[in-house]
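Order as written gives the chain letters A, B, C and D; numbering starts at 1 within each chain.
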Amino acid sequence: MEYTLKELMTICAAREINNGDIVFCGTGISMLAAMAAKNINAPDSVIFFETGAIDSKLAHIPLAVADPRIMYHTSANGGLMDAFCTMQNPFVGQRVVGILGAAQIDIYGNLNSTVIGDYNAPDVRFSGSGGACDVASFVSRSIIFMKMEKRKFKKKLDYLTSPGYLDGPDGRKKAGLPPGGPDKVITDMGVMGFDPDTKQMILLGWFPGITPEQILDNMEFEIQTDRAVEIAVPTQTELTLLREKCDPHGLIL
Amino acid sequence: MKTDENKVMRLKEAVEKYVTNGCHLSIGGFTLNRNPMAAVHEIIRQRKKNLHVYAHSNGQGVDELIGGGCVSHLEIAYGGTGKFMPTCIRFRKAVEAQTLMVEDYSNFQMTLRFMAGAMGVPFLPTRSSLGTDIINKWGFSENFRKENPRIPDEKLVVMDNPFDGWCDTEKVVLVPAINPDVTIIHVQTADVRGNCRMEGLTFADVEQAKASRVLIVTCEDLVDEEYLKTDPDRNQIPFIHATAVVKVPFGAYPTACFRYYDYDPVYMNAYVRAAHDDKEFEQFLNDMVYPHQTHADLLDHVGRHRLESIRADRSCGYAKDLDRK
Amino acid sequence: MKTDENKVMRLKEAVEKYVTNGCHLSIGGFTLNRNPMAAVHEIIRQRKKNLHVYAHSNGQGVDELIGGGCVSHLEIAYGGTGKFMPTCIRFRKAVEAQTLMVEDYSNFQMTLRFMAGAMGVPFLPTRSSLGTDIINKWGFSENFRKENPRIPDEKLVVMDNPFDGWCDTEKVVLVPAINPDVTIIHVQTADVRGNCRMEGLTFADVEQAKASRVLIVTCEDLVDEEYLKTDPDRNQIPFIHATAVVKVPFGAYPTACFRYYDYDPVYMNAYVRAAHDDKEFEQFLNDMVYPHQTHADLLDHVGRHRLESIRADRSCGYAKDLDRK
Amino acid sequence: MEYTLKELMTICAAREINNGDIVFCGTGISMLAAMAAKNINAPDSVIFFETGAIDSKLAHIPLAVADPRIMYHTSANGGLMDAFCTMQNPFVGQRVVGILGAAQIDIYGNLNSTVIGDYNAPDVRFSGSGGACDVASFVSRSIIFMKMEKRKFKKKLDYLTSPGYLDGPDGRKKAGLPPGGPDKVITDMGVMGFDPDTKQMILLGWFPGITPEQILDNMEFEIQTDRAVEIAVPTQTELTLLREKCDPHGLIL
């Protein structure tokens, strides 16, 4: 069955979500991945928005985390305080999985979504943290969407907006952050994870038609590729459910 | 102050009276939902200048205020409205041109800052942002902070946990309280004294409202006090916090208002197209904002057909069949 | 854990499983309203011992737990139920006999402590109690605190405002977070997953619920998930926080449950009379608590007439014509 | 018109409440005073409970601050967080007037509602602070009900639960408290205020049939009496409204 790159990326992320996970998601592909997981492999995952909605029905796909579509048929409609306290909560916070995107990422999974260039005289200004820094600070596990480009996989970030492992295995502890950190990086060429000891990014898999070398060519820093395998293409079921249940009008895909 | 006073005003008067040049302002809503857009347009129309704006993710409203030339300082977590505008365009241009001074926080931090202001404490603690540039890099210089008595001397303070490791926590970051001069929110229902009822998510409107010296409430429906007091479990802001109440149907337009109307994709897309170019944006303001005496005039200009297309379905609270491309 | 699991249990099993001897417990409600009394009676019936209880003003429930011999340590703001019992009697006796170790805080401080636990921060700041003996005098000794890893080393910490006088504040007192092993609340409506809806005031139930490792919810009505999700603006606790759900009609009796029933003055007055004397109190427990297998049995013992007399009027949510002398 | 001492005390407190005041009240006579003010002299005062109810209708008199009668027909039903944050709020907090009671009071209006004797081995244990310490800490002005007895008007409190002026004019500032403090003490023999300079208690008035000497005889410490006058007896209107509108079944009176 034919599939687009975006569909493949979405399904790769969805596969990382388990039943029981509480999924924090942003706008666009991140929200679609959460919806895909719920419709395909993790029907008992819970979709959760920083704006305060928990377990939204999502009868129609939202175009922002404050879209009125997320307010319909939830467990409780609260506000930002409720949402972020849930993530920082010592019990339920540990069950939250964050799905994030960014402009830049480094080898420890730290993210920049604020500026390119000097912070006080930036070449490019992005949206800023939003809830991303909060999610990356609090939750046990995050999944990051990135486009494979040298200017995005950076040796040194122009601005560290959202913490990954900071500067290594003890980075979070030294800074005072709770445990946790990035788990997967889903790109348009393959999927990365993090070495459990060094907390450095490693290649886990490449997409059909891509080679590990091509991936390395699109990064400023080098990562280990010896544990990587080719990633399974989306199944017909996955694709059908994604297209028909999650985004029938192609608003994101 | 008499507590039973009727606080109803016209929007024009409320903005004239309370939103003064250089004042510290926060607006309610989130990205493309329940921004007090009628008030935002009135502020632009009155050509207010040098506003110091506090925002978490108050997307469309903040970008229009910046585009309208009203804002000199901005403390913000997220400048965007989601899919329509992943990064706010007039915001981005102003930052890159260095015509706008920005201080970055996270959404939780901005929310905690409003909460601290509402609670009457100088700060609240969190573990968010430890080890990041949100702590290390300051947009407002030390000097600027020291010279400006309206903002705290420190952006953030990192502190060891004085309860020795209690809650498995070694360090926290303290975020300073915000007490704006004026907060403007748009709610579904209010009464003449200023009791407020929001439907759907409340975002940080409650904290922003209670943190502020002056609270201007615009509302879809202005109701009898009796109506709101009959079901007080649904009311979030008691009247003691409100200063002015203005009835403005479609007051959040072009952003959404749950159970009343959806966001308007036509406006959003036109805005995005215009915002990329200074001249086109000026034209956009000349079409959509400046020529209208009131929000009702702007709605007349938009026309019945478009307003009808975003009317919320009873069943779900938004416009189910809206073309959102 | 599957999130859609059915969490419904019997009260006896929930208390057996989660309320272990020596555990740290908090209960919801306030003085004579919405205390989880069915659960309190079950705890007394199971003769639980050495509970460490956290309370703001959880009046009737806490006094019965103390009277039942279940409590060894108590952190509390107010031991009383209002007019019926301005000072809780079994509480007072236990403190004066030094069979109960007590640490005093204020209501706001206890609320902030639950809030801090729910927020995942080790403390929250306030200006309440500066200059008072709530700060100067400790009920739990320094030694006891150091030896007990479940409580913080300091009762409270007074700190200079690190934001140099920001918000006209020179000093704050930091109150340490509470994370109980178990919180038990009684709500009007819950579903099988543990989504909760309270009516009337919520007291500190939401903060207590979210601060706790285990949350036991007893409810008047156990409803379809569909019912609660159709009007989520009214729900305060999403199911992700709940561990066990138990349907217990009149589960707050003899305390009130807004829109369901009032407090029972007959029970309250009988309790007060009995509580003054150890023997009479033993007799009270032997009549009202120990002999009943379940809360339904206790209600049978109370009888239809008394329950009918406290039934809430639809119009106001309490029993308008109740004789409350 | 005949009146009881309790009626006189209630009306004395009610007279201290102005239109626009937000009145924090506890159980019993304090709640009745707030209801009396609203029905007699300050119809636009707002009755407010620490449990989270604002502007309750009080169609029937509550017997506790968590009585379901306070939840009916309010501006908003919240919880303790809402209520105490309102009192500590920099804008509305200044409009709150607290009505308190206690077991002991000293010359600076500090209150004890916790213990008699040693805190760790008390002779008598009372309820403890509840919200009293919070109210006394935050609000601009408080009114205190006390019974005139030597063991209640103490040179030194056994436990300082709720702050008055602490140890003098600079007491609150030195401790870090907001401005404010006790305004009136309403007893069963007369009414006290506080000297604006020394912040020490002074006699403002005595009830008909009482002399200033009798009042001093019932206190452990001495207070100035030279500014005191006889207090006006309740008017017929005051008494009628109190009896008929506030407590028709005599639950408190």
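Criterion: a residue touches a chain if its C-beta (ideal position, glycine included) is under 8 Å from a C-beta of that chain, and two chains touch if they have at least 3 such contacts.
Keep in mind that this is a model prediction, so the values were computed, not measured.
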How short can a path of touching chains from subunit A to subunit C be, counted in steps? 1
CA centre of subunit A versus CA centre of subunit D: separation in Å? 56
Could you give the separation in Å between the centres of subunit B and subunit C, each centre being the mean of its C-alpha atoms? 37
Distance between the CA centroids of subunit B and subunit D (whole Å) is 40
Whole-Å separation of chain centres (CA-atom averages), subunit A against subunit B: 27
Listing for subunit D: what residues touch at least two other chains? 71, 73, 77, 88, 90, 138, 178
Where subunit B touches two or more other chains at once, the residues are 117, 119-121, 126-127, 167, 169, 172, 179, 200, 233
Quick one: label the inter-chain contact graph as line, ring, star, complete or other. other
All pairs of touching chains? A-B, A-C, B-C, B-D, C-D
Can you check the complex and tell me which residues of subunit A touch subunit C? 19-20, 22, 43-46, 54-55, 57, 71, 73-77, 85-86, 88-93, 95, 138, 178
Subunit B touches which residues of subunit C in the complex? 117, 119-127, 152-154, 157, 159, 161-164, 166-167, 169, 172, 174, 176-177, 179, 199-200, 233-234
Hey, which residues of subunit C end up touching subunit D in the complex? 29-34, 56-57, 59, 76-84, 86-88, 91-92, 95-96, 98, 104-109, 111-112, 115, 126-134, 136-137, 139, 158, 167-172, 200-207, 256, 258, 262-263, 312, 316-318, 320, 324-325
Spell out the part of subunit D that touches subunit C in their complex, as residue ranges. 27-28, 50-53, 59-60, 62-73, 77-81, 84, 88, 90, 110, 114, 119-134, 137-138, 159-163, 166, 171-172, 174-178, 249, 251-252
Could you please specify the touching residues of subunit C with respect to subunit A in the complex? 1-4, 117-121, 179, 195, 210, 212-213, 228-230, 232-233, 235-241
